[in-house]
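The same chain A turns up in both complexes below, where it pairs with chain B and then with chain C.
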Partner chain A sequence: MTHRLRPDGGARGSGDADREPSGVRGSGGDASGSDDDDRGSGDGGRGTPRGKSAAGAVRDAVERTLGGNDLAVVLATLGAIYLLFTLFVLVANDFEITTSTINAIASTLRLLTFFAASYAVLALALNLHWGYTGLFNIGVAGFMAVGVYTMGLLSSPPDATSGMGLGLPLPIGIIGGMVAAALVGLIAALPALRLEADYLAIVTLGLSEIIRLTMNSGQLSSWTVETFGFGTGGGSGLNLPARPTDALFEGGAGEALLATLTGMGVRRSIVVDAAYLFVVIAFVVGVYWLLSRVGASPFGRVLKAIRDDELVARSLGKDTRLFKIKVFMLGCALMGLGGILWQGSYGYVNPNSFRPIVTFYVFVAVIIGGSGSNAGSIVGSILFVGLLFEGPRQFGGIVQNAMELGDAPATFAGAVGPLTGLDPTPLLAYGLENISALQFVLLGVVLIVIIQRRPDGVLGHRTETAAAVDLGERPAAGAAPDASRDSATDAGSASGSGGDADE
Partner chain B sequence: MGLTKALDRGRETVRGRPLILITWLAGVLLALDILARLAGVEIALAAGRSFGGSMSAAQFGNLVWNGVIVGLIFGLAGIGLSMTYSILNFANFSHGDLLTTGAFTGWGAALLIAGWGLAETGSLVLVRAAGGPSPNEIGASVIQAPIAIVIGVVVAAVATVLVTVAIDRAVYRPMRDRGGIPLLIASIGVALALRYVVQFVFGSRSRGVTATEGVRTTVAGVGVNLHELTLFVVALVLMVGMHLLLQRTKLGTAMRAMADNKDLALVTGIPTERVVTATWVLGGALAGVSGFLYVLERGTIEFNIGWFLLLFIFAAVILGGIGSIYGAIAGGLVIGLVHEVSLVWISGDFNAAAAFLIMILVLLYRPEGLFSGVTTA
Partner chain C sequence: MNSGVDAPDEEASENGAASAGKADDADVPDAVDVVGVDEAVAGGSDESAADGTTHEPETQDSAVERRAAETPPDVRLQVRNLRKSFGGVVAVDDMSFAVEAGTITGLIGPNGAGKSTTFDCITGAHEPDGGTVRFNGEDITGLRPDQIASRGLVRTFQIARELPEMTVLENLMLAPPDQVGERLWRSVVPGARRGVVEQERALRDRVWETLEFFEIDHLARQEAGALSGGQRKLLEMARAMMTDPDLLLLDEPLAGVNPTLEEKLLDRIHDLRDQGYTFLIVEHDMDVIMDHCEHVIVMHQGSLLAEGPPAEIRSNERVIDAYLGEDLE
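Then we have the complex of A and B:
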């Protein structure tokens, strides 16, 4: 299917192995599809390694039922996570269906969707960098911070409790935030894109820490307030404008609707939050559409060519540096947007929201979904939020309530000590009490396992091909690897649509 | 003749690499500013700012000493990072958390010995996870319990080596031939898992561990902190030891050969896997010890101290040129000095940012490092 030489090189290993048994279905799908859109590579799951693992079996089953339709995969994942969390809430409420239970379910699912959608925007942006172009940017949190803070500095009211803004209309703030994030991306990209991937990683991580420390500086804030009339508020944070959807429910039809719904027993916050949620989802759809267009365009083909082999792209006369700068700026702007949609929606922000760990969250989401696929990024975000981010906490809470383990020991010693008397309860109680730490351990382990066993992501080999035809197709058994590659390339040029070359 | 040549070279620098020139100019200006401050000269500039000012030699000396102390920590930890970077070819993002591992295990042992009988064993081994007797009651300092500190250093090294080698077997070894980025991502996973295992076991509370009584004394009229002095001595001894190991032993030669050219080393019959293990052992031990010493110097311990140090260590290694242990040491000292001496001009909000900025600038304009040309030698 895809023959690629990503900067990581190694991702190929199991990809190639996956590809072997897949020739039968592969040629048909690619010959007709042949373009770069998500559906073209949606048949990625076909290369399931002989049903050895449970994940592979699940993947096979999903593949068979959904037939590689990305929307169906996203909705099915979302549905499964919804089901799981509904179950969690029901268990926590002893299966008593009351208004409060239904409200709790709705509010849990809303929160879940909100996180998933926020991460989806960020993951899509990171996928543009990492999955499409091979730029290893681990400064996502920094670009988010630039977006959110610029939005706040432009649009917060001048009489805010903490920090000070210019009070401009919100759209100006949002666009300003995206532009600022893109410009910071430009400043970083101009020199940094010459670097190798691991150096780029260190530079972007350092940059994101510099940005966070700058936002955190109280001195800087008071100085800018005195000089320019706006400031970040330093460590005490910045007040942000309220969500625009909140105003819908103040007067008019919105207020009437809210009154009806609350009359039916729906909690007020659920309605108001849900309204904002739809806005975020709309943005996810918009960003997805934009990036799908970008990916399928000649521009996108060059990006994938850069990821696969930058030298070849340059030999074909592409100014790869310019392409990389453009795509870096676009991705950074989208990261700024993601930050605004997520952290910008709480009415308040402080620098602690932009610790590097946020970047790693987004990275895990992209890697779970399989880097290189837009739909995969969305699925990865849903899975990450459901199973790694919110799931363990909910699960721990339920077990804690259900088992009545008594007070958890204060220290690990108190938890392990009773094990000598074969009493695991204190350890269990301690574990549940400190489930947030275990959650991070789980996150780390999942990251390691995925990168070791499934570098192509849980959903399988979904990287979109740069070339218009299948270069990885092996013509005949027994042919030497070199010969097979040559003939594949020949086939590619013979068909007259040699990918980037014709742009 | 010589003069014109020098002038030509100068002109070339101005034209070809203006940024280098600006950096030099800025450096010279800052050095002059320090001299002016020390001399007590102040020249008023625009907008209420001035060149020079007043600063006592003691103040300046203090900043420089602090810089050297943190610089030694960065350098000592950087040796291991630099070695794994050059021999295994990936940026190990879990290196900071190896420092944390060493700090907690080492201090657990040190407190257990220093405070034997004062509190429950569990509480001491977990580095006062639940409070209990105060650090001064336990008396873990070089004055009151030197043996505890020595044993702490050894335990820190041994425990970290065990953790490091176990991680290598479980995580990195199966991925040996997978290139830098997958290994880097795996190391991020390792960093997360390791840090939060430490938090799970030792708790998330930040607490004091060292006793302060009698640690600050005057030796020959100069006020010294004995813990800083210990750090200084131990770090220097370990650095000299590393130098001898790399230069004089067969293992050192093999490691340098592998850093230079892996395939050639393999062809020459160097047992690469064994060298890799040795790299982890040395790097892990140094990381563990520097974590322990860092806590000895700052007095408090927390589960994310190592992670906060990671970028500084990277900065040191990059500044010195990846693969060179002398570079890592020198880079560590430079970064440490920048971190502390920059406080003369900028507020404490930004001195970390200044160190990171230096790292980024070096990466961009001199990615081979300031002391390049020597690799693992």
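Then we have the complex of A and C:
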């Protein structure tokens, strides 16, 4: 039967849709012909519309080159953004390659990667809620705040300048933060998950603001119980423990390495920050691994069923309430972790970092990448940070410097007025001066375009099969005419998935 | 009249494991004098008000009751005095019937007779206002849909509800009960996942068998949303069969299905019946019901009008008057 579904599967061999469960968790080296051939058939019906446009042809070419390997897609996206920003920095420095230019490039790319990685953790967590289970959680920032503040309250030294902590070891703080975020998630979930999806949205948004305002409140800024200090610091924020990686460079081999590198002209902060960056990237990989496993399992299958039609899942005997509560708590814990990795790394935090706009940004990242796809969430985070979050500011700065537009007018009228005299310079200067505000316009436009033109995200339609084994494998008895061929394929994929499973 | 609503909770649980026949015997004497309890259980003054209207076909109802009480213990489903109203509209009013194991039972009635509401009340989608539903002798009245389904009473929907963004394979893989991998930690923790993978392999083989049985194996890798209406009906039945149900409730399984596919579906239903599965089918197509069901239940205005073998129903004056009319001439 399968051969009938295979008009272009072998030729394209992209297998983009079905690759993930084994492809990425495996070495990536198993993108071999037989496997692809089998899986390619699944998306055979979708090949035609894609081939119509020039953009589609380019995309096909890219997909063929990348072999549908998600790791390659992520790295290629990151590489493209790196290239763009390297170019920005070079233009800003008039292409003079000096130590300071190289430092500037390194620090720009470091910052980009840090933001992208932080957003990736959050986007993956949100994708678990929204993309996988259809839970419309717009309280991401609130759960981040719970994570960061709990970590701070547990691990900050009691004699911090602002706020007071218990001075417990950092791992306890981090785990505590995640547990607290999960528990707050539970509190939100218990009443809200019984209601329709819209109410969950309202409850989570409200909760996130309540959390932020609570952190802001003067009443909680410092408590003293006996001799025991404890407080959020209110509006003036909370001191947090230093990044654990910073200690690596104090004494020993770390200090020596740092000395060598700074001797070569590398800025100290770049080395120290990069060390932390690797930690965050490791967490992204870990969260990705975890969620891929969750997705490719019977548990993940129930989540997808809840998203598609909860009544069907219930009518098949699944207690969907339990699944929703579990997945909500898991996602909230990961949001707490994301908050700790990001906002928890500055040594200081205040409630303004957790405005609802942060939630919105994470949603944009997930939408760009395509909800329901873990790899898409990471790609979406990179693209969001590169093109929408950091890109416009950098670009605006460069143009401003390059064109020497003079002082920007203070008001919109002042900017538009000279247009009557056909002088666009003040308007341009005004626009560039206010580029961070214009960013929101850009963001809106991009969202509208994506939702209209590519509702499945930039990676297109993806199927990350919710099963722990390759479902396409038929039992040998069932495949009559092309039995030999199928069983050969089966043997190949069986060893592949078996290896994944036992890792 | 009220005897179905009778069972005070303790009694229900006591008799939960007992055979249906026994439980019913106990119910009959209670019926006369436990009105107070009835109201407490059914929770309604509107119940006694509504009773006035249903008293009239007394003789028939008590006949049904007696028959129900006499039914052998292989009764799969026993519905007694089921009531459900939406606002002022009484959709199901004092409906009683039984489905015997290993049969194909048909439930028919004109539009608005309350067939789908009856289904919804049986399967937990709606909570009945009164009456009891017993399945395999156990009182399942008012349980959640998932609790009812996990006891082996599984339904399909009038308008097929496929899981559109999941492949046909995933749709079927979802259904089997007691999957170890539905526990989060089993799916994630490396060592524990081995058992999950083994079970998944076994299930996958069953899924392919089922797909072949329903002859939709060529659609296996497609997303369910891309299927045609008839194929969705097949998918839905295949998916329900993956739960290995004791009783399958099919809500208009043939609606929107072309004649060829219809033949195929009915063949499958007969095959499965021969394997020992039990079916309760709501269907509009009279010929299908008459040709394929051993037992037919006719609903009219929310309550039972008649029940019996198809030949008997065909010649039942009340049924002809109320519903069939010239259709059967």
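The definition used in the following text is that the second predicted complex is superposed on the first by the 397 of 503 C-alpha atoms of A that agree within 3 Å, B and C clash if a C-alpha of one lies under 4 Å from a C-alpha of the other, contacts with A are read in each partner's own complex, and residues count from 1 in each chain.
Please note the rule applied: contacts are C-beta pairs under 8 Å (C-beta built on N, C-alpha and C of every residue); 3 or more make two chains touch, one makes a residue touch a chain.
This is a predicted model, so every value here is computed, not measured.
Of the two partner chains placed around the shared chain by superposition, chain B is the only one that A:136 touches, whereas chain C remains out of contact. In the superposition on chain A, A:447 makes contact with chain B only, while chain C stays out of contact range.
In the overlay built on the shared chain, the residue A:191 is in contact with chain B alone; chain C does not reach it.
When the two structures are aligned on the shared chain, A:300 is found in touch with chain C, with no touch to chain B.
In the superposition on chain A, contact is made by A:201 with chain B only, not with chain C.
In the superposed model, A:290 lies in contact with chain C only, and not with chain B. In the superposition on chain A, A:320 makes contact with chain C only, not with chain B.
Contacts of A:308 after superposition on the shared chain: chain C is touched, whereas chain B is not.
Interface residues of chain A facing chain C in the complex, by the touch rule stated above, are 1, 4-5, 41-42, 45, 290, 293-294, 297-302, 304-305, 307-309, 311-320, 323, 326-327, 330, 372, 463, 465-469, 471-475, 478, 497-498, 501-503. Looking at the complex, you find that chain A touches chain B at residues 6-11, 13, 136, 191-192, 194-199, 201-203, 205-207, 209-210, 213-214, 216-220, 360, 363, 367, 410-414, 416-417, 431, 434, 437-441, 443-448, 451-452, 455. Chain contact summary for the complex, chain C toward chain A: residues 123, 125, 144-147, 149-150, 154-155, 157, 161-167, 169-170, 173-175, 177, 179-184, 186-188, 190, 193-194, 196-197, 199-201, 204-205, 207-209, 212, 217-218, 220-223, 226, 239-240, 243.
Partner chain A is touched in their complex by these residues of chain B: 90-91, 120-123, 125-126, 129-130, 171, 174-175, 177-182, 184-186, 188-197, 199-204, 311, 314-315, 318, 347, 349-350, 352-353, 356-357, 359-360, 363-365, 367.
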